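Next come two complexes built around subunit A: one with subunit B, the other with subunit C.
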Partner chain A sequence: MTDTATVASRPMHSTGAARRAGARRRIGFSWLVPALYILFLMVPIYWLLNMSFKTTNEILGTFSLWPNEFTFANYHKIVTDPVWYNGYLNSIAYATLNTILSVSVALPAAYAFSRYRFLGDKHLFFWLLTNRMAPPAIFALPFFQLYSSVGLFDTHIAVALAHCLFNIPLAVWILEGFMSGVPKEIDETAYIDGYSFRRFFFKIFIPLIAGGIGVAAFFCFMFSWVELLLAKTLTSVAARPIASVMTRTISISGYELGVLAAAGALTIVPGAIVIYFVRNYIAKGFALGRV
Partner chain B sequence: MTLDKTVNNRAWFMVLPVLVLVAFNAVIPLMTVVNYSVQESFAGNVFFFEGSKWFEQVLHSERFHAALLRQLAFTATILAIEIPLGVGIALTMPRKGPWVSVCLVLMALPLLIPWNVVGAIWNIFALPSFGLLGRAINGLGISYNFTRDAGDAWFTLVLMDVWHWTSLVVLLAYAGLMAIPNAYYQAAKIDGASRWAVFRYIQLPKMRRVLTIAVLLRLMDSFMIYTEPFVLTGGGPGNSTTLLSIDLVKIALGQFDLGPAAAMSLIYFLMVLAMSWVFYTVMTREEART
Partner chain C sequence: MTLELRNVTKRVGGETHVAGVTLTLERGSLNVLLGPTLSGKTTILRLMAGLDVPVEGQVLIDGRDVTGTPVRQRSVAMVYQQFINYPNLTVYENIASPLRVARVPRTELDRRVRDAAALMRLDSQLDRYPLGLSGGQQQRTALARAIVKRADLLLLDEPLANLDYKLREELREQLPKLFAEIGAITVYATAEPSDALLLGGSTATLSEGRVTQFGRTVDVYRRPTDRETAEAFSDPPMNFIAARIAGGKAHLPGGAILPAHGPLAGLPDGEITLGFRANHLYLRQPSQDAVAVTAKVAIVEITGSESFVHAIHRDMRWVALVHGIHELNPGAPVELYLDPKRMFAFDRDGRLVAAPDFAAAA
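Coming up: the complex of A and B.
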């Protein structure tokens, strides 16, 4: 039962049985709304899973709500074909690299923004944020030329660096929020106790904002994982992300739908795992309004 | 940002790594775009200065106006659906107990699916031939084919975006609701406030800040949307779902018209920048107040 429902179930004028019954019905109803919403979210995912266990012939030939000839062939193809599984490894590689890079450079910057006032700090903060808002489509072509000219084209580093464009501002923003929540007296006490800045930062401060680092890392990984336009533009064969392997499959081999569905289903897995681990922090990260 | 901060210009050193990385990714490409936007290119390597020609061309182009109009219509539609729906769902979500985690994890799931996979999921879900949605709607006797009919394509696109992003609004609104102390509700109970009054005078004002963020985030992100509609409809049928980003990539990478594409990029970027400024001002003002 929710608090709001409790409030609603105690009208002031009367506590008559009819009203209470009405309130009880409302509680039943309010339980239905999230349930229906989750159902709406799950149906397309169910359809994807359903297709991933069918043969391509069955998908194109018959229409059924569940697989008649249940097969793991599509998944088998993905885990045995290097083009497919390398796609996954590439995506995980650059997303992880980007997360580490973004969070580690964002930590000192966020500390500076939360603790100090310096020349141009507000303008700098706004400028950083505008990069979170810049449509990647604008940068696709210049990025291709830039990374080609410095010889990084088709490497994991290129994608990881390119995703810094929107992930560093995000990480700075989230971490600044968490750091501002830590009282300044803690810094001052540590200095009085004779801690050097470095020792204070790593021994005391970082453990205090561990939750914030978790939230920042989650969002960096998430946005790097789901982005396709830049990742596709900056890679050809060696570092091709899974998302790009999928679009290639559509265009080259016509409709290999079963494999495509299996690949899609597998891209949901890392996200689901990450969400499960940070579920308690998500609401908090959002509560700070830093996304 | 709190007010009691020490003035220390050496803090610049702490910001330096961020500055270098972001500048490499933002300033160099942006200057490349500026460079292209004022030049005419021949065979990709001979350039002539053209001044503001491309800007005038883009600003007067019907194609740009149409794409911008479609973009505004799309953004307005999804905001009108996602914000009230998200708030409604957040209000009815459980506050404690094991179901909270279940709801949060399941609702956050669409947010972590790669954007092209979102497009692909909706493609196979909505196809009239073997998609569940396509079959179901046609089974009801309504003719539906999003690859042929512009209206159906729009319906599918909006439904996909609602599916993909409403959860973000739900999570934000939910976080805002969770921050309301129980004492407020008890006070409302003592006053005998109606359900509507509780929402109007307690929950809505307390959610204001997160809702501002939700609206502005959805506004920005829907303005940047590219991958999902590209995979779902490819901008078609015809040009009916060609939003700004799709049009831009078509011109820049498809036709390789660098000048007009660059000019369009800059106009597009300036619009987003203006919106970001509003976003930032509103947000910092809200923060200063609380």
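Coming up: the complex of A and C.
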């Protein structure tokens, strides 16, 4: 009995060992591809940081993997020069304004698309998405003249409103997915319990789709933050966005590459901060929503 | 309070869900809506609640027309088949929700919530969130929220359908007592005849959006007024065979002749359909009057100590529910006995013309 048992167990053991060895070999390759991918992604960002701590002379003069003359002068220039830091403040102002506008307008719209059937609802819903497909450039000229004529040129609200063009449809789509994940019976149960629509919407419904609101707000903020063309067209001095300040610096002061690199590095920061705040929602969000 | 549906019709996009339903439900009564899926049970409940508005007809409460009154102005509670609770509120807050909206004072609210929770045996779960509970606990939370409100009308849409067997049995036992205590008009929709029989009260059988019969549950079961009702209220389904009454005897298509005893006595000559329940189709001769017919075994399902023998007689499919284990081979011929005392007779339009004695009809 014991003999056959050990004999029988031996080949099993050896195949098990072979399988483990095979698994180890597979792991040996499998880390390589993501590592290369991340490396390629990170190289430009590293290079940006690298340049932001160099002087412009070093950037132009030598090719070095890390700063030889480490300096904070570039960052110092940005936080002290009002042209530079106002660029950031302007961008944050209109991106935040746009996020609040887009989400608060998209909430009732998404609720209607999710809960009611009305004439042409599916077409309207798809038409919203097609707004995203249009390049912002084609709207630049009409927007410029329209906003100028009503005296909104060079204001934060102008850029925030213009960005609603593509952010509201996006927010509606994201929120509709989340809302449709909440059973309609919850709405009805609330009405049966005696809730008014307002009370139900704010006390029951909004907490249920908080993740979706977080994700929608994140996308609105980011798209507004990175959009350059409309923001640049609709502003001159008072509401000029950071991306626009960056392009000007090249043309006027010649080569201020160190400051430019520092500005670029700082431009990444708000996105990173927003991601940090919605990080829990975003994973849950992508799973629940339909984006 | 009485609830009355008067000739209520609901159509959605050209499809008729409920057609001309008239029902009067009395205060404190327990009513079962019995019918297969898509027979209109849920729609009738929604019309009663005021969640849907009928395209024709009226809904009256104590004779007052409330057809267009929105749900939040009515005294209604509803439990869905899916376990519907507010996921962002604790069990306690879920149960308290209708009382909070109604601004019930704090001490009374607390007492009523704890009473309802105790009744549903949720005492130890009050601080937890619904999604962390088992299905049975979630549904009990929904039931507790429905009863804590003390609404005049309590609607339950297949509340036990999504629960496992054990819990279903347990809740099915508690519910009738609970309904009796509440004193509201209770309407319980179900697809299972056994639910209706266990709950008692009154039953309305539904078929394709119409109420085929409404009356005391036992009466509807033992005296179905037509074939549709008998079909809806039989599980396993009722067996049927065409017959010709002539000279005081029922002639079956295979040449067998049933003596016209019991319900068949005194029927006028002509074509009828005989219906009989699965437990009245026998493998052994039950009485001297019973007549054998030959059928072919289709399949035998054995559930512990009972056998469901599915057999084909001519082109009709029958089910016999017999005690004990009977292992018959599919395709084998089998002698089945029909007892004239147990026969329901339906005329050509499907109306009941004769039924067994009240005691023999079960």
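In this section, the second predicted complex is superposed on the first by the 257 of 291 C-alpha atoms of A that agree within 3 Å, B and C clash if a C-alpha of one lies under 4 Å from a C-alpha of the other, contacts with A are read in each partner's own complex, and residues count from 1 in each chain.
In this text, contacts are C-beta pairs under 8 Å (C-beta built on N, C-alpha and C of every residue); 3 or more make two chains touch, one makes a residue touch a chain.
The structure presented is a predicted model; accordingly, all values stated were derived computationally and were not measured.
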First, second, both or neither for A:F53, with subunit B first and subunit C second: neither
Touched partner set for A:E185, first subunit B, second subunit C, both or neither: second
Touched partner set for A:F143, first subunit B, second subunit C, both or neither: first
Partner contacting more residues of subunit A (subunit B vs subunit C): B
First, second, both or neither for A:L257, with subunit B first and subunit C second: first
Which superposed partner A:I204 touches (first subunit B, second subunit C, both, neither): second
Touching partner for A:F153 - first (subunit B), second (subunit C), both, neither: neither
Partner chain in contact with A:W84 - subunit B first, subunit C second, else both or neither: neither
Common interface positions of subunit A, toward subunit B and toward subunit C: none
Residues of subunit A that touch subunit C when the two form their complex: 183, 185-186, 188-196, 199, 204, 207-208
Residue numbers on subunit C that touch subunit A, as the complex places them: 49, 51, 70-72, 76-78, 80, 82, 84-89, 97-98, 101-102, 145, 149
Parts of subunit B lying in touch with subunit A, wherever the complex brings them together: 1-2, 4-12, 14-15, 17-19, 21-22, 24-26, 28-30, 32-33, 88-89, 91-95, 101, 103-117, 120-122, 124-125, 130-133, 135, 163, 166-168, 170-172, 174-176, 178-179, 182, 185, 188-189, 191-195, 198, 203, 209-210, 213, 217, 220, 223-224, 226-227, 231, 244-246, 248-249, 252-253, 258, 261, 265, 268-269, 272-273, 275-277, 279-280, 283
Subunit A to subunit B touching residues, read off their complex: 2-4, 6-8, 10-13, 30-31, 33-34, 37-38, 40-45, 47-48, 51, 59-60, 63, 65, 101, 105-106, 108-109, 111-119, 121, 124, 126, 128-131, 133-143, 145-146, 161-162, 164-165, 168-169, 172, 176, 180, 184, 222, 225-229, 242-243, 246-247, 250, 257, 260-261, 264, 267-268, 270-272, 274-276, 279-280, 282-284, 286-287, 289, 291
